[in-house]
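Below you'll find a set of structures to go through.
The following pair of complexes shares a single chain, chain A, combined with chain B in the former and chain C in the latter.
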Partner chain A sequence: MSNIVPIILSTLATGLPLFLIASGLTLIFSVMRVLNFAHGALFMIGAFLVSSLLSGRAVAVPVFVGAVLVTGLAVAAMSVATERVVFRRLYGSPEVVGLLASFALLLILSGVVQLVWGSDPRTQAQARGLGGVVRIFGNETATYNLVLIIVAAVIGLALAGALRWTRAGAKVKATAEDRVMAEALGINVGLVALGVFAVGGLLAGVAGSLLAPTVSIDPSLALTFIIQSFGAIIIGGLGSVEGAMVGALLIGLVDAVLVVVAPGLLDYGVYIAIGAVMLVRPYGIFGATARRTVQA
Partner chain B sequence: MVRAPFFTRPGGRPPADPGRGPGDPVLPAGLASARLNRTSPWRTLVLLVIVGVGGTLLLGGVNLFTWSTIWIYALFALSTNVLFGWTGRASFGQAAFFGIGAYFVSFSPMKSWPAPVAVIAAGIVTAAAALVVSGVTRRSSGLSFAILTLVVGQVLYEVVNLTGSLGGETGLYGITAGAIGPVNVATSYRAFAFYTIIMVGACVIFLSWLRSSYLGLSMAGVRDSARRSSSLGVPVAGIHAIAFGVAGAFAGIAGALFAQQQTTVSSSLLNWSFSGDVVVMCLVGGMYSFWGPALGAALYTWLTTAGFAGSANANLYLGVVLLLVVRVFPGGIAGAGTLARDWVSPRLRNHWPLAEPGGAGRHD
Partner chain C sequence: MTGLNRRRPGWSTPARRRLRTLSSHPWRTVPLLIAAVALVAAACGSSGGGSASGSSTGGVVKLGFISTMSGPLAQIGDDMLDGAKVAVAQVNAAGGVDGGKKLQLVVKDDQLTPATGAAAARTLVGSGTKLIFGMLDSSICLAVAPVVQSLGGVTIGTTCSSDPLVGPKRAAQNYFSLAISNTASCAATAKVIAQEYPKLTSIDVFGYDYITGHEIATQCVNDMKTDGLHVTVHKSYFVPLTSESFTAQITALQHSLSGPATGRALFLATYGAGTTAFLKQAAPYHLTQQYQTVITNGGYVSSGEALNGSAPAVWDAYEYFPTVVSNSRNSAFVKQYEALKPADKFPNDWSYEAYMGALMYAKAITAAKSTDPAAVAAALAKISVTGPLGAVRFNPATHESTIPTLVFQTTGDAGSPMKLKILKYDLVSPTNQIVSSGS
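Let's look at the complex of A and B:
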């Protein structure tokens, strides 16, 4: 029993922020049919931006929150720009073309980040009052972990709620399911695409700035987190936000268990999770069980 | 149906209009005819001798090191294009085979074998690994194939990273190419450059023969429409496997040469970003032409070594060029000439309509 709580906390603390990135990725895929490598770069830019805004200093919580929001909006704007410039014209091309274009974007954004911020790692200090530890059910954990869990859970619920209960959410789901019919029904598909990229960028930027105090901020962040996010959405099923949540939590769980059981296998965690799920459900947990459209 | 052995080459003239399959990217007519794979091993040999020997004799000093690097990356890119441009399967895990080849020649006893023997052995081992991966990924295509190969490549990367005896991230060093009889190619840049050109040249001649053989044409057919090819009797899964095996084998050979050149190997050789880079080389150079990937490799080598000291600018320019290719020039560098000609010649024909027999609208 005493082992369960730290594992649960560790799962949530790793998985929920990962869900923030993965959910944006899966939403973009569902509408645009492109797996966006550049999403990891947006996450990394979020981390760099917030550390630049705050100069790495420890600030009061409201200032930190403000910086996170500003970063999120800036990254959202960048994400929208990438949609306009690159992805809009690629809809209808084979999906691999989108993948290659997003890889090109990843290279460009990594290069820009290195030019602007250099390749030396930076750090961002915790906001005042959010450092330290707290006791939950008899186990100690970093206060910031708890903050991350709560914030990510709230954002995740808001996203799921918006998709489920708002008209905008219905339009997004309709466009994801059948873009041509959605357009025929009068839904502004271009606006939906823009919105999805904006929300995805916002989530990536917020995730990047929230995680900035916990990681070493350097250009390799994009690569590390994009692989984990890809893993989360492959496990959960491409295009499914609930799947992204399940996938992210599963990766968090596997990492939490491996730390205790087999620390040497920690880097394999993502691939073990992917492999295990692929054996049982090749399209992911919430993925379609068969191809919905037959490609001629 | 043609019942000739796969390894022979068809004779006669190519058909005037190769046609277009469903779901194909729309290509200008000039590029489409390039897809008919008319390469000649003899022309390739002559070209290789002229460029290879000429370049190696004219360059000097550390430029020869870069020169051999270009040839090695060119072989890697050409091998990846067998799977990517020839057969239409975009694999993001080719760097794993490059790395396997590199690590293979870094151990004793392979280290002390004659250099070409070690390299060819590396190719055979890597081909076997490629066939295994091909079996694992045979049911996927397109995006899921790309992701699956990426994951498999990453797993192999982590295996190398986490295995102590393989040196982990720092890797192994002190690898020397074994002597070939009385000659030791590791002694000078020029000697190694000649060795590289001979090894890479032999592989490239094989690839150019393969491309215009029935096997190569079958790959193109499978790329253009797997359904049609299979209804013509082409074994699609077999072609995929052969393409994967060939791509893996030559990637392994390139990796082995790389290890012998650099005298160190590290796990970063297997990372997925290097797999992405080699696909970029193919695309940027022109995936539909034979020499395209070699041109892309040359550009990549220039950007990452001689052109720019750090990697920041290299990534940036590489990304910009790739984006341009994806959006504007699907034929890459190699296709640029064809695109230019297709743009210019109708305008010339409009100017002098009597100069071209057969009337307007005919290409080639």
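Let's look at the complex of A and C:
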């Protein structure tokens, strides 16, 4: 029993930041039908940008929030540029072409990051007042982890709500479901794709800048979280924001439990989670869209 | 045996047809034969001794430098190259080698890939540059050394620490290793830790889940026991090499600790991003303060620097730290390095190793009075070069260097240009004796 609260806290602290990255990835997948490797590079650029804006120093919370928003917008603009320059030309191509293009983009953006910022690792200090720990039911958790949990939960709810209850969300879902039919019904699918890439980029930039104070900021960051994010959206069902949330939390839960009961299996946490879900839900927990696509 | 009698698939019918065509027209073969004889003669000439060797043309002696000059670890390759450049500049300023010849570097990128490293070595040796040094990763040294050996060259691995590279049965006889091995580094760490913390009883291990991570952790803990510590491993967590999210492990460690920090150590078998991220994420919990000491084994300085002055006190073992000694050789090395690379300011282990590699070649060439690889290899086994941290030579039997291991404790210092300051250090000889200490 004494382990339950730490496991829950650890699950949330590991899973929800992962969701921040996975949400943008799954959103873009819903429209593009491609796992966008370049998302990892955009996440990395978010971390580099915020550390440059703040020179790595500890700043007041409002300044940090401002830097996160500016970074998010800048990365959103880059994401839009990738859609206009690369991905727009590939709609209708086999999915493997988009996959290769996204991987090429990852390599190019990683190269650009090295040219601009070099290869030396750097760090970003936490905002003043967000260091230290808080006690929850007698268990300590890092204050900043709690901030990440809250921010990720709010973003997740806002995203799911926007997709479910707004007109723009309905257009995105319609485009994701059947691009040709959506176009026939008068939806500007090009604009929808652009918007999805903008929101996806915004999420990647925000995720990168929010996680910057907890990681080593270097070019390897592009691939550090992207594999786990792929795992999260595969578990949740490709293209589903709710699924990405559940998938990320499940990965966090498996990690938190394995640390306690079987630390030697920690390397395999993501794969254990994917395997367990695939056995009962081959298309992921919320994978209905993917199933329909395959059946079609 | 039957395989020997099989027709070789590469010896195809069109190839044999071409041979028949040539032999049926002898007048066509004459110029080809002359050209072939000329080529063979040239090749024989280039493998000869003295200044006729391909690595020495006119007043210049070329040294082949191979390292990772592109990709995520390009910065390390660049640091190595700059160390080598300082050595070359110093040697040339002092009159060069072998009667006044100037050293010149020929740089090749191995792209952190053994096959590319081997291809680079083949290109260098093929073009006559037979004295090779550098290489960041042991897998690349293991690929390069046999190629260089088979083509009649010599290799000095400046950073590789894999055991099969050295010893009497090493992968390539003409390979010399400057880097300290993991075994030597652990032995030195254990020696110092046993002396500093004689009442240590419990160690928690956090490491990368790969063979070296496990080996280093096991070896270092065993060495501490050998040095008289009654330690046991309390908790151990190994994480994937690419991971940077350690909340679960840090929380578990935090909950497993109780009572005073005395007698408890944390051993980090990680490096680079893993160490940086772990220390960043552990900081809010004051996790490192709940241990009497934190120990790691190599490659910590870049993480400590990246932490921008907030690094905790950590023991590390490696070859070099720029401010640990003050002598004229070290001052000259640091000063010239800073001049060459003002943005990075300080040489690191990798720069130092490559610097020493170039100095070793320079002295060996002068001692051999030749750039002939065999003569240089023979000289390398005999010479001694005094560098920033003292004299270094190669063991003639194993080709391992006598480079001392620097075991040092640093802590974050925002006011220092390196963002780190030395708290204590011990220089440990290859025979595992502490030869000097300081703070």
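As a convention for this text, the second predicted complex is superposed on the first by the 289 of 296 C-alpha atoms of A that agree within 3 Å, B and C clash if a C-alpha of one lies under 4 Å from a C-alpha of the other, contacts with A are read in each partner's own complex, and residues count from 1 in each chain.
Convention: contacts are C-beta pairs under 8 Å (C-beta built on N, C-alpha and C of every residue); 3 or more make two chains touch, one makes a residue touch a chain.
Please read all numbers here as calculations on a predicted model, not as lab measurements.
Participant: Overlaying the two complexes on chain A, which is it for chain B and chain C: clash or fit?
Facilitator: Here the two partners, once superposed via chain A, clash with each other.
Participant: Touch check for A:D267: first (chain B), second (chain C), both, or neither?
Facilitator: both
Participant: Using the superposition on chain A described above, determine whether A:L203 touches chain B (first), chain C (second), both, or neither.
Facilitator: neither
Participant: Of the partners chain B and chain C, which touch A:V215 in the superposed model: first, second, both, neither?
Facilitator: Touch status of A:V215: second partner only.
Participant: A:I235 contacts which: chain B (first), chain C (second), both, neither?
Facilitator: neither
Participant: Which partner chains sit in contact with A:S10 here, chain B, chain C, both or neither? Use first/second/both/neither.
Facilitator: It touches chain C, and chain B stays clear.
Participant: Which holds for A:R89: it touches chain B only (first), chain C only (second), both, or neither?
Facilitator: Touch status of A:R89: first partner only.
Participant: Now for A:L100: first (chain B), second (chain C), both, or neither, which partner does it touch?
Facilitator: A:L100 contacts chain B only, not chain C.
Participant: Counting only touches as set out at the top, which of chain B and chain C does A:A47 meet: first, second, both, neither?
Facilitator: In the superposition, A:A47 touches no partner, neither chain B nor chain C.
Participant: So, does A:T123 touch the first partner chain B, the second partner chain C, both, or neither?
Facilitator: So A:T123 only meets chain C here.
Participant: Using the superposition described at the top, determine whether chain B or chain C touches more residues of chain A.
Facilitator: Of chain B and chain C, more residues of chain A lie in contact with C.
Participant: Quick check on the output: what are the common chain A residues between the chain B footprint and the chain C footprint?
Facilitator: On chain A, the overlap between the chain B and chain C contacts is residues 110, 114, 119, 223, 227, 264, 267.
Participant: What residues on chain A touch chain C, complex-wise?
Facilitator: Residues of chain A touching chain C: 3, 6, 9-10, 13-14, 17-18, 56, 110, 114, 118-123, 125-126, 131-133, 139-145, 213-216, 218-221, 223-225, 227-228, 252, 255-256, 258-260, 263-264, 266-267.
Participant: Which residues of chain A touch chain B in their complex?
Facilitator: So the residues of chain A in touch with chain B come to 35, 86, 89-90, 93-97, 99-101, 103-112, 114-115, 119, 223, 227, 230-231, 234, 264-265, 267-268, 271, 274, 295-296.
Participant: In the complex of these two chains, what residues of chain B are touching chain A?
Facilitator: 22-23, 25, 90, 142-143, 146-147, 150-151, 154-155, 158, 161-162, 227, 272-273, 276, 279-280, 283, 310-320, 322-323, 326-327
Participant: Spell out the residues on chain C that touch chain A in their complex, using ranges where they run on.
Facilitator: Spelled out, the residues of chain C in touch with chain A are 72-76, 78, 209, 235-240, 242-245, 247-249, 251-252, 254-255, 272-274, 276-277, 280-281, 283-285, 302-303, 305-308, 310, 344.
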